[in-house]
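Order of writing sets the chain letters: A, B, C, D, E and F. Residues in each chain are counted from 1.
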Amino acid sequence: MKVPLSLLTIVTEGLLKEPMIELLRRHGATGHTITRADGEGSRGVRAKDWEGPNLRFECILSPEAADAALDEVSERYFENYSVIAWVTEVKVVRSTKFSSKDSAES
Amino acid sequence: MDLLTQNLISPVVLAFVLGMIARWIRSDLEIPSAIYQGMSIYLLFAIGLKGGVALSETPASELVLPLGLTLALGCLTPLSAFFFMRWFGKLGKVDAAATAAHYGSVSAVTFIAAIEAVKLSGIPSNGYLPALLAVLEVPGIIIGLLLAQKSQAGGMKHALREVVTGKSIFLMVGGLAIGAACGQAKVDSVAPFFIAPFKGVLCLFLLELGMVAASRVRDLRSTGLRLVILGCFLPAFHGAIATACGVWIGMAPGGAAIFGAMVGSASYIAAPAAVRIALPEASPGIYLTLSLGVTFPFNLSVGIPIFIKLAETLSHAPTP
Amino acid sequence: MDLLTQNLISPVVLAFVLGMIARWIRSDLEIPSAIYQGMSIYLLFAIGLKGGVALSETPASELVLPLGLTLALGCLTPLSAFFFMRWFGKLGKVDAAATAAHYGSVSAVTFIAAIEAVKLSGIPSNGYLPALLAVLEVPGIIIGLLLAQKSQAGGMKHALREVVTGKSIFLMVGGLAIGAACGQAKVDSVAPFFIAPFKGVLCLFLLELGMVAASRVRDLRSTGLRLVILGCFLPAFHGAIATACGVWIGMAPGGAAIFGAMVGSASYIAAPAAVRIALPEASPGIYLTLSLGVTFPFNLSVGIPIFIKLAETLSHAPTP
Amino acid sequence: MKVPLSLLTIVTEGLLKEPMIELLRRHGATGHTITRADGEGSRGVRAKDWEGPNLRFECILSPEAADAALDEVSERYFENYSVIAWVTEVKVVRSTKFSSKDSAES
Amino acid sequence: MDLLTQNLISPVVLAFVLGMIARWIRSDLEIPSAIYQGMSIYLLFAIGLKGGVALSETPASELVLPLGLTLALGCLTPLSAFFFMRWFGKLGKVDAAATAAHYGSVSAVTFIAAIEAVKLSGIPSNGYLPALLAVLEVPGIIIGLLLAQKSQAGGMKHALREVVTGKSIFLMVGGLAIGAACGQAKVDSVAPFFIAPFKGVLCLFLLELGMVAASRVRDLRSTGLRLVILGCFLPAFHGAIATACGVWIGMAPGGAAIFGAMVGSASYIAAPAAVRIALPEASPGIYLTLSLGVTFPFNLSVGIPIFIKLAETLSHAPTP
Amino acid sequence: MKVPLSLLTIVTEGLLKEPMIELLRRHGATGHTITRADGEGSRGVRAKDWEGPNLRFECILSPEAADAALDEVSERYFENYSVIAWVTEVKVVRSTKFSSKDSAES
């Protein structure tokens, strides 16, 4: 009953909250989880200074959707914003919970 | 100058310095971000509330001139800032425009600090200033963004939404409305929370701001001397003009000084958020460092006493 | 009705409205959840403390009647709510029982708002009411859960534990005990923190509650008109009965009005937690939307002034 | 010295804190890590509204224990509560730290 | 003893008890950690501020004796604690040294509680005590670490940095400096925030501390009776000596009692952090349980009234 | 364009914040993300009691660097401190963002 899916994790400035949620939805996400995070990266600016902490999105998606979303995040935001993202393979049960349009493999 | 020391040796300014020291000696002091956000909500709402009460007692006719002046200066200061940033600061167009948006807008904390300093010096002020603060916040940002000629429908609109519905303007305008609707008597019932402890909260808030500013100050080296000079010159320049105009249109001396501090100040909450959305390629290392690391401490320590002195001199000049 | 406007134009009610507006215009305003939790701890403890002092000055004999009435109404209102929810609201048994548990219990914030409104209107009240609040919170939830006939030992016990050791009752009862043990003189030493700023904190708290309620209001469409009608009728019905009974057993008019608001209110902190544990299959979209999105704003704006008016009328009626 | 184990991540309403900790213990967990998270999912109710934010549990377990715990979470809570859970394969060192009864493979 | 009950039945002490009860009945009450940290920042800064004002009004000559005494006791108490922990407590060298560092240092909350108790009892005190608090915090920790003979350059230096730049000392010393620089008049402007609500905030803070202490108390079983006895004996022993010395060098009776509570107290914020870094192999289950689970409640309930009584007796003894 | 890298997750007492950041830097990390977490583990002491919550570090590294960092964390801190750490395999895009010295495989 275990189904392999992908977990997309995105860490980004608080500013991009709405755009990120929208992006995830567009790629078929049925939900997401957000935690507040601090961080340092390659850019000098620590987001925390002026707009609260970074946001850390987690979203379970079908592997294809996760890849596509990761690509879009990278293309649209990597250059000008403080963003980092990665994909992990995970197993879930009852994957129906995650299929809005793409993951009917349960 | 006695007024200068008088202004510098105050719990609020010293708390800011203490925050900077905390960063310099690498203390593990940290204000939890929930507390920091809670304090900014409190301060903005309280300032609105107080202003709203004052507004409810000010005849509309008395507001016309100050409002007009605010709008005019809100449009001129970003242009002036843009010019100086390009000419003397040698910035590229996008970075100059981004910085202009910051100098065109306003820093609520500078405004509050000016109010407190004026209160301390005992000269009369005007109650309607918080309303001007709300008005001053927006045009500078719009003009700054326009200067970058990057007004692609999307970015600009999104950025404006951000400013207008952004929590700092929303809370202040909301507080204004509630204060105006309720009037003195009813606001008195919440005064022991919103009015009396206000300055103490400001003190803790500046402790945090000092820490943030200190990490900005570290970036000054990479910013360059010319920009640092501008970060001191622009607030003095804009602020002096605004103070003079304020006296001229009949503001009380304290009011004119506060008005000067407002116009001279550079935004570091509303403007960065808007600029980050509309001009993501502009460098926060420039605009944030200037507004928070140079101009804010400049106004807090040197600017405000100057504007007070200037306002007093100008106000008394024509009397005899 | 003058009293209505008087009640509506107050910092507390307007802050609630401001919170709703924040959500409607999609402002990024957000009260950090630590601040929100801190404020609720403060409010509950402070209300307990104040009540405890009053209790320590009330002879036990004076408490017998109010306590009995509270228990009686705490058992009757969930039955009445269950009946209306099934008959007029067309809800299934589990959902009707879950909702009944909410209307049988009590909303501390409605209680606090009623206290403030009564204080503003200047009519006399009773000090022992917070003790009644604590008593009223529990029986409604028990009866609601029993109505669902799902009293499998485990769920029910767990749910009751949750209510009794839950932080809202714990803090209020703890505050009551401390207030009663210390008495006025000693509580005075903490009054500048727990008493004077109380209403201002409430104001910020309602700002947050307005935001939460606004997102509930959005769910009204799916809730259905019949339930919305009940969400207004039930508090008015229960509250009017309770106010009348209060006057009848000799409460001061202000006290009776507050008592009406308490009995009429629907819980949205203690009850949801208990129901979620004992009746997880009941739909929060119904019970939360009704209690927080309909009944709370109804009481805040319309209910409380009605109960005040009613209490005044009834109190004066027999006098001449 | 690296040992493969499983990381079970559970995102759930704050309400289920105690039951979840107990469930993890029953499956042999020697510890767990909790972060506060916001989130949206398939259910209308956002937990945050009335009882504080979601909780995000992380627990390192033996692969079998993680699977069993995931199954139990799914069976007991998926229907009526806001819960989501997934399992990731991870590597640890000194897995003795995680073995209360089941993972003696270090 | 009347003074004892008088001290125990106060909002501050009862809030501590309420916190312990919350843990015992397993209530879900939780003070968000941001709020807890915010409160400790507030309390430490406020105590410094108040002390700074007092300091600015104390002639330097008056400080020499108290400072010397503080340093002397700050060096003797860790040695005494180390001796008792090894001899009677049967601890190993590292654990005994770690615990000695805690008893050599000082608990700011005990200090604050003593101040409030003295204020309540109405006997005169001294304003310079917060300065002594800052001085007392450091030497005990250094000597404790030296006793472990683990003074590898790195660990020791790191641990000292931690103590001196640590937020508790930093905020208190910062507050002291600001208070001394500004003087009474200017600090008055922030008094409605930092002075008036102080005791109320302390009350909430102790609610949290009670919860933390309760989870420590659970560890008492594994700690052993001998250590629990020392956890009561040491504060009484050190505190009585310090009170007597305080009276002897001419402190006001209230000041001597507070000084006794300070010296008798065991640190549970600065010392644990330093010890954890320099002596990671020492067991927190011992030093934290003793300082927070035994000595703090002991001082709060029994120690402080004893020191007050003692100071009064000794002060009056030579008069007739 | 997807590149496999490693995600090192470390949960530790707040006290070790600076040492951990330094350790990660030494192993070539270009950044890290920190979230506050509560937790229970094998040691009796819950860090939260006296020094704020645990910190949960996440750091994307090359697989070798992650292994080396994990080893160092285990050797230096496992004995005396409350620390736990694990490594997960993840995929990123534009791995240049993560290469200070070691991961030139993009």
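As a working rule, a contact is a pair of C-beta atoms (placed from the backbone, for glycine too) under 8 Å apart; a residue touches a chain by one contact, two chains touch by 3 or more.
Each chain and its UniProt protein: B, C, E = Sodium-dependent bicarbonate transport family permease.
Just so you know, these numbers come straight off a predicted model, no measurement behind them.
Shared contact partners of chain A and chain F, listed by label, are D.
Least step count on the touch graph, chain A to chain C: 2.
Ranked by how far their CA centres sit from the centre of chain D, the chains are topped by B. When each chain is reduced to the average of its Cα atoms, E sits farthest from chain A. Counting C-beta pairs in contact, the pair that comes out ahead of the other among A-B and B-C is B-C. One finds 40 Å separating the Cα centroids of chain D and chain E.
Here the spacing of chain A and chain D, counted between their Cα centres, is 20 Å.
Measuring from the averaged C-alpha position of chain B to that of chain D gives a distance of 47 Å. Residue numbers of chain E whose C-beta contacts span two or more other chains: 32-35, 37-38, 192, 197.
Residues of chain F found to touch two or more other chains are 35-36, 88-89. Chain pairs that touch one another: A-B, A-D, A-F, B-C, B-E, C-D, C-E, D-F, E-F. Chain C meets chain D in the complex at residues 33, 37, 212, 215-216, 219, 268-269, 272-273, 276-277, 280-281, 284-285, 288, 292. Against chain B, the residues of chain C that register as touching in their complex are 9-12, 14-15, 18, 21-22, 25-35, 38, 116, 120, 192, 196-201, 203-204, 207.
Those residues of chain F lying in contact with chain E across their complex are 13, 15, 36, 44-46, 48-53, 79-81. On the chain C side of its complex with chain E, the touching residues are 32-35, 37-38, 41-42, 45, 49, 162, 165-167, 170-171, 174, 177-178, 181-182, 186-187, 189-194, 197.
Within the complex formed with chain F, the residues of chain A that make contact are 9, 11, 35-42, 54, 56, 67, 70-71, 74, 78, 84-89.
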